[in-house]
Amino acid sequence: MIAAQINQRFPPPQFTETGHQLPHLTAPPPRLGALDWLDMGVLLACLALATWLVLRRRQRRELMLLGLFSLLYFGFWRNGCVCAIGSIQNITQALFDSSYALPLTVLVFGVLPLAFALVVGRVFCAAVCPHGAFQDLMLLKPVTLPVWLEHGLRLLAYVYLGLAVVFAATGGGYIICRFDPFVQIFRLTGSLTMILTGVIFLLMSIFIGRPYCRFLCPYGVLLGLAGSVSRWRARITPDKCTLCRRCQNECPFNAINKATPRTLQIDPTPEDKRRLVIRCALLPTVIVAGLWLGGLSGDSLAKAHHTVALAERIHLEDAGAVTGATDASNGFRAEGTPPEKLFAEAHALVHRYVLAGRLCGAWVGLIVGLKLIVLAWRPRRPEFETDAVRCVACARCFEHCPQEHKRRQQKAEINGVLAS
Amino acid sequence: MKRRAFFNGLARVAALFGLGGLAGSLARRAQAGHTVWQIDPWKCTWCGKCATECVLELSAVKCVQFYDICGYCDFCTGYFEPQPNKLNTGAENQLCPTGAIIRKFIEDPYYEYSINEPLCVGCGKCVKGCTLFGNGSFHLQIRHDRCLNCNECSIAKACPVQAISRVPADKPYRFKTLEGKK
Amino acid sequence: MHSDADKKVSRRGFLNAGLVAAGGAAGWLAGCDQAQPPAPTNRQPLGKRFTYDVSEYEKVEPGQLLFAAAGQIPTGLQAASCLAVGADDALYVGGDQVIKIFEKDGRPRSALALPEPPQALALDKDRVLVAFKDHFAIFDGAGQTLLKGEALGPRAHLTAIAATGEVLFVADAGNREVVRFDAAGKVLGRFGKLGSKDGNPGFVVPSPYFHLMIGSDGLLWVANPGRHQIQAHTLEGRFELGWGQPAMCVEGFCGCCNPSFFARLPDDRFITSERGLVRIKVYDAKGKFLGLVAGHSQLAQNDQNLPVYRVACDSAGRVLALDPITGVIRIFVPKADEPQKTPAQQK
Amino acid sequence: MQEHRKVLLRQVSFAVMLAAALFSVAAGGLLAWVESQGKVAALVNAPEIAKLHEQLRKQPKDEALKQQIRALDHQLRHDTFRRLNLSHGAARALLFGGLVLFLLGAHGYLVFRPRPAPQHHPRPAHHDEEMHMRQTTALAVVAMLAIIVAFVALLTRHPAQLPAPPAPAPAAGGGQTAAALPPFPTPEEIQKNWPSFRGPDGSGVAKGASLPLSFDAKTGANVRWKTPIPLPGMSSPIIWGGSVFLTGADESSNCVYRFDADTGQLLWSALLKVPGGARPAPAKVADDTSLAAPTAVSDGRRVYALFPNGEIAAFDFAGKQVWARNIGPLENNYGFAASLALHQDRLLIQIDRGVVEDNLSKLVALDAVTGKDLWQKPRPVAGSWSSPILITVEGKPQLLTSAAPLLCAYNPLDGAELWRVNCLESDVAPSPIFAAGMIIAVAPNTSIFGVKPGDTKITWKLENNVPDATSPVSDGVNFYIVDSEGMVMCADLQTGQTKWQHEIDDRFYASPTLVGDKLLLVSRKGHAYMLKPGDKFEQIGKGELGEECNASPAPLGSRLYVRCKDHLFCVEAKESK
């Protein structure tokens, strides 16, 4: 087969009369590799700047300007690729497929925001992520969603993350990229459905703060988990909370936890304890159920993989269950690989999918179980504080804190004194 | 509260350590130079999906002419309809539906064919004609002045024979070579 | 507003809503039919004018088939490249780095090892003439080298070889000319290059298929694929005549460059092999189209990797066609001579 | 003054907003229009140009037509790229308009929105509001999980359909695999069983078998067992080892059953399921053909069953489907009825349909191990309902088929035609038999022929008492037929001379069977007549099944298995137990 093609190559004609020279085939180069380093540099600078703005400057307006820059640079200029959200998949693939060459840029985009989140919370979301900035800049008239709805919908993001990892680990494709609502708008081209989805998300963002970040973003899940153990993060008040409750309704993202009224700062009641015990006992059950259900879906998920889909098609064609052939089955037959090999590969893949499906199901089970346990807890919060997982450090609450006003006044005075 | 802060710190340190380890182990394998998408012309079956699946309205995939293996035929099966009315550049004879191939007389009986890229939609019709009958000097390639280098190439996803994969950016094209398939 | 809304939420109501939704989804699931097989994908996502379609010309009328398939011989070669028939109707198949010799019924007889992959092969009495990429060599029946021709330079790409008595010809597709050698392997001359003013129309060779052979009429027949002709020359290299028309339809030679190979039957009819539209056809000695040995649908397995059949004929009038991709020799016999299959018909 | 400027500002900003809105609507409209018109593909595929090209093919010399094509082609290409640019421009304009609209709207909203009244923060309620909220949230999480699970279940209903994976090595205790499949049984093994329609050689002769001279299903006399058959059908039982296999079908399912030969217990019932795809529509069949007319065949390793809707499958003896496929359509006048034949892992199917000119008839061979096509042979015959039989002539196997107009033999290995006799006519349902060097073929209601294999002419012809549905049977000297109206006839095998005829007041669909030294006729009413084969008519016994019977009986050893309408009967002399 190969020989027949080798034989095709032989010297081109000589143009004895005109002496015509063969033109060279043009090969426009891809984007300069050095620009990758620029991207990484800009990312680091933006993260550092965002950290400074959130923790030190505590200025919403400046943070918004940084967000606008990120939107223009990472979004419209860089066409939304490379992006930290999608990098989850590349990193997963690199972990499971040793032949995959992970670009350094993607690794840096995946790891750096997480590292920052572990130390200073989700400053990446605040103003570096173009997706977040886009939605945040659209937010005009926030509607507060009930807390239960917030938690319920947020479960979607965990499932989305699980599925994205399953598909990336098994070679089934990058679903985060495929179903990204904004990247098509950044590129000003793409499938009509996805552009419309993006527009709907943007229109929703006028009223509902950052719908994609809160309810779908798989990277937000990781950042939230990292943020929950962060050393420093956005604090509503620069000083002691006076329990004035002014910040309470200002957060559009349900990310401020109310202080517990003094009368309810009590030890857990027997009912609380009983509930906690039941929920703890529920945890393994939910995980095992997830494991089981996830494994059941593996067979179907496997069809996302080209090899499995092709093997199925070839099998059905051979069995006479379908008529005609697809481009893929034609191509496969032209290649001459024995179908048994394909089937063996497909079986191995299905096995991997079942395994991955189980892990994904267990992950969702674990999250639900843990959520139920945490919700069984009786909170004891002496003051209003940002939620460790959900706060995206947008700096809105600062503007309403009387302590913050006091701080700014003092600072202005000091500056005035220094200036004079 | 103190205890909680301690556990938080512990978790943070562990997470940072883990993240560092992950990044370190992957960085050893990671490439500093980036990669780009490209079509393997030996696998390509000219199905036409390159023209329709690209996120760009006018696909980043174009036909390229690799002159070194072109036969410079008068009756070019990549340029002319299978049964042309006459071997001239009249629109009724041309294979390319968008008229993106340029035919130039060199000397008897040789003609040179080149691609007018802005007009090419990447449908692969001429590639099939050239490869079936001729030397296969026309082939489809992703042109990197147009390609957005999406994280997941939507053409690669739709390609029936998985002919599109990432290649190192310093060798961004996969032209057929004079020596043939290796 | 916030806390008011919260209070209105009834646990039971919410749970009920959730269960109803889940139940509805489960019901939908149960109500759905069995799995439908995936529909074949559209082969022409952009429509007819974007599709290269020659299926019209692939059709063959059954009446035009003058030969019938009569078995095949797998050669086992990875890269089969050439085929010739010996005096005793033995089949010589070149490929990889070997020439395999088969009896006419397909039983392997022997093999000759070669120093490099052969490009073309011919037999002159019991001598085996082999063309390599840039030179030729002559072996005896035992594989001993009798003569090694000189190398013809880096552009050389030999595709055919033939000899009679004292003269030997090779077709050089790289230089687009025919080279004449004497019995000692010395170059006597070259002819047929475009613009060389040697009285030849000039060979147009767009692809590395450039075949020649010496006919029983004492003429050197050379395929001129770019002009879609088979041309006769004297053994001195003077152009005599040519026949053949470019056309996709069955009477002519299709595509940019055909015929790729040809052979002659004992009764001097021509057997031609084409690529693109894979077909093996029969012409009479004057070039009049007679019919087909086999058409595209019989010879091509798929659309993407088309074989270019090497053809040869034996003294019994059988046509042998070597598929270089699979390395299988397919045998075709004239329909009239087809062995009587049923005893009923014999009576 | 301040107020005045504010009003002015508001008016200007409102006017600009209005303009931006109109602009966006226009740009959006343009974009929608361009999208709806279709771009590259739609234009280039314009029907006008296709028509002109078609015209040029007819008038290749028409220069004006060429000019017209060139002009139109240029126009279309021009339009193609203009529209492409237009849509890009419109998209950008829409983005710009939307941005202006949003910015002004946002500004207007922020500047002119009514100042919020001083916030009133309600004092926290006294009851445990937070804990209540948390439990509602927990419920919400659970409900969400339920919804997600339901959706995942919905989206993952269609698992990938792949061939069964190769079982692990035998050491791992794997099941029966293709590699581990025992070799095809020897002719001796086949002779010891009743593996196909009318026995090992399809002639309805069980030499060593015995049968009690009387039995009665009502009293149970000499009836070993009787077992209900789940689904109806007219196929006959086949026997391998200690098992009896049957097929049955209704509109919705095709089934294969295995019964224990000793007890009659239904060991398993296997539902045929072709992977993927909807089940082919049930075949249209006449009432006296049934949806399970073809008899199954077994090689002792598997049992193969074909149904008139085109589905065919192989099951192992554990009832597991090994392969299944659809070889349809098999549709013919009364419904497909030919039983399967099996020769050296080749499953042979005679598919005769329509009239000769339809060119629909063929002989198909499948690989019994995998179910894949081995070869197909077109047959210039009309539709038939007879079954092919395997005979051995001069030590070589032949597959004998009968259908109007040909009695034709093929090489079962590759489908090559060996010989044919042009003698049959009308709707051939009786199958041929081969005994003592003579083939008996039946042209229903017209003639019975004696033919020697390999001949091109018939040896003799007999024109009375010709059956229309049942097949003949022969003891090597004479042959016997019974037609559906009850006329029994005996004639000389070599000459076709009628020896005797006798009318029984009964109706017959089951073919006569030779069980040891008895000629057995089972009537549609369920009566069994036992005759003595020989030169004169002599009834020696009678049995009662008490149930309608259309399938040919299957004798083996001391037992006789008969499929009646609802039950499978096993007849065996009590004393022989």
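Each chain gets a letter, A, B, C and D, in the order it is written, and its residues are counted from 1.
One rule holds in what follows: a residue touches a chain if its C-beta (ideal position, glycine included) is under 8 Å from a C-beta of that chain, and two chains touch if they have at least 3 such contacts.
Owing to the predicted nature of the structure, the values given are computational and were not obtained by experimental measurement.
Colleague: Hey, which chain ends up farthest from subunit C, C-alpha centres compared?
Modeller: Following the centroid criterion, the farthest chain would be A.
Colleague: Does A-C or A-D have more contacting C-beta pairs?
Modeller: Between the two chain pairs, A-D has more contacting C-beta pairs.
Colleague: So the centre of each chain is just the mean of its C-alpha atoms; given that, what is the distance between subunit A and subunit C in Å?
Modeller: The separation of the two C-alpha centroids amounts to 54 Å.
Colleague: Cα centroid separation between subunit A and subunit D, in whole Å?
Modeller: 49
Colleague: So how far apart, in whole Å, are subunit A and subunit B when each is placed at the average of its C-alpha atoms?
Modeller: About 29 Å separates the centre of subunit A from that of subunit B.
Colleague: How many angstrom between the C-alpha centroids of subunit D and subunit C?
Modeller: 40
Colleague: Going by the contact rule already set, what residues in subunit B reach two or more other chains?
Modeller: 45, 47, 49, 51-52, 57, 71-72, 97, 108, 121, 135, 160
Colleague: Where in subunit C do residues touch two or more other chains at once?
Modeller: Residues 6, 9, 14, 37, 41, 43, 46, 49-50, 194, 206-207, 303-304.
Colleague: Indicate the residues of subunit D shared as contacts by at least two other chains.
Modeller: Residues 40-41, 44-45, 88, 133, 135-136, 139-140, 142-144, 149, 153, 157-158, 161, 276-277 of subunit D each touch two or more of the other chains.
Colleague: Chain touch graph shape: choose line, ring, star, complete or other and state it.
Modeller: Per interface graph, the chains form a complete graph.
Colleague: Inside the complex, what are the residues of subunit B that reach subunit A?
Modeller: 8-9, 11-12, 15-16, 19-20, 22-23, 26-27, 29-36, 42-43, 45, 47, 49, 55-57, 64-72, 106-108, 110, 112, 114, 135-136, 143-145, 147-152, 154, 157, 160-162, 166, 168-170, 172-173, 175-181
Colleague: Show me the residue ranges of subunit D that touch subunit B in the complex, using the header's touch definition.
Modeller: Result: residues 39-41, 44-45, 52-53, 56, 60, 66, 69-70, 73-74, 77, 80-81, 84, 87-88 of subunit D touch subunit B.
Colleague: For subunit C, which residues count as touching subunit A in their complex?
Modeller: Per the touch definition, subunit C meets subunit A at residues 1-2, 5-6, 9, 14, 37-38, 40-41, 43, 78-81, 95, 117, 155, 157, 173-176, 194-195, 206-208, 301-305, 307-308, 324-325.
Colleague: Along subunit B, where are the residues that touch subunit C in the complex?
Modeller: 45-49, 51-52, 71-77, 82-83, 95, 97, 108-109, 121, 123, 125-126, 128-129, 132-135, 160
Colleague: What residues of subunit D sit close enough to touch subunit C in their complex?
Modeller: Per the touch definition, subunit D meets subunit C at residues 40-42, 44-45, 49-50, 122, 125, 129, 133, 135-136, 139-140, 142-144, 146-147, 149-151, 153-154, 157-158, 161, 276-278, 416-421, 454, 456.
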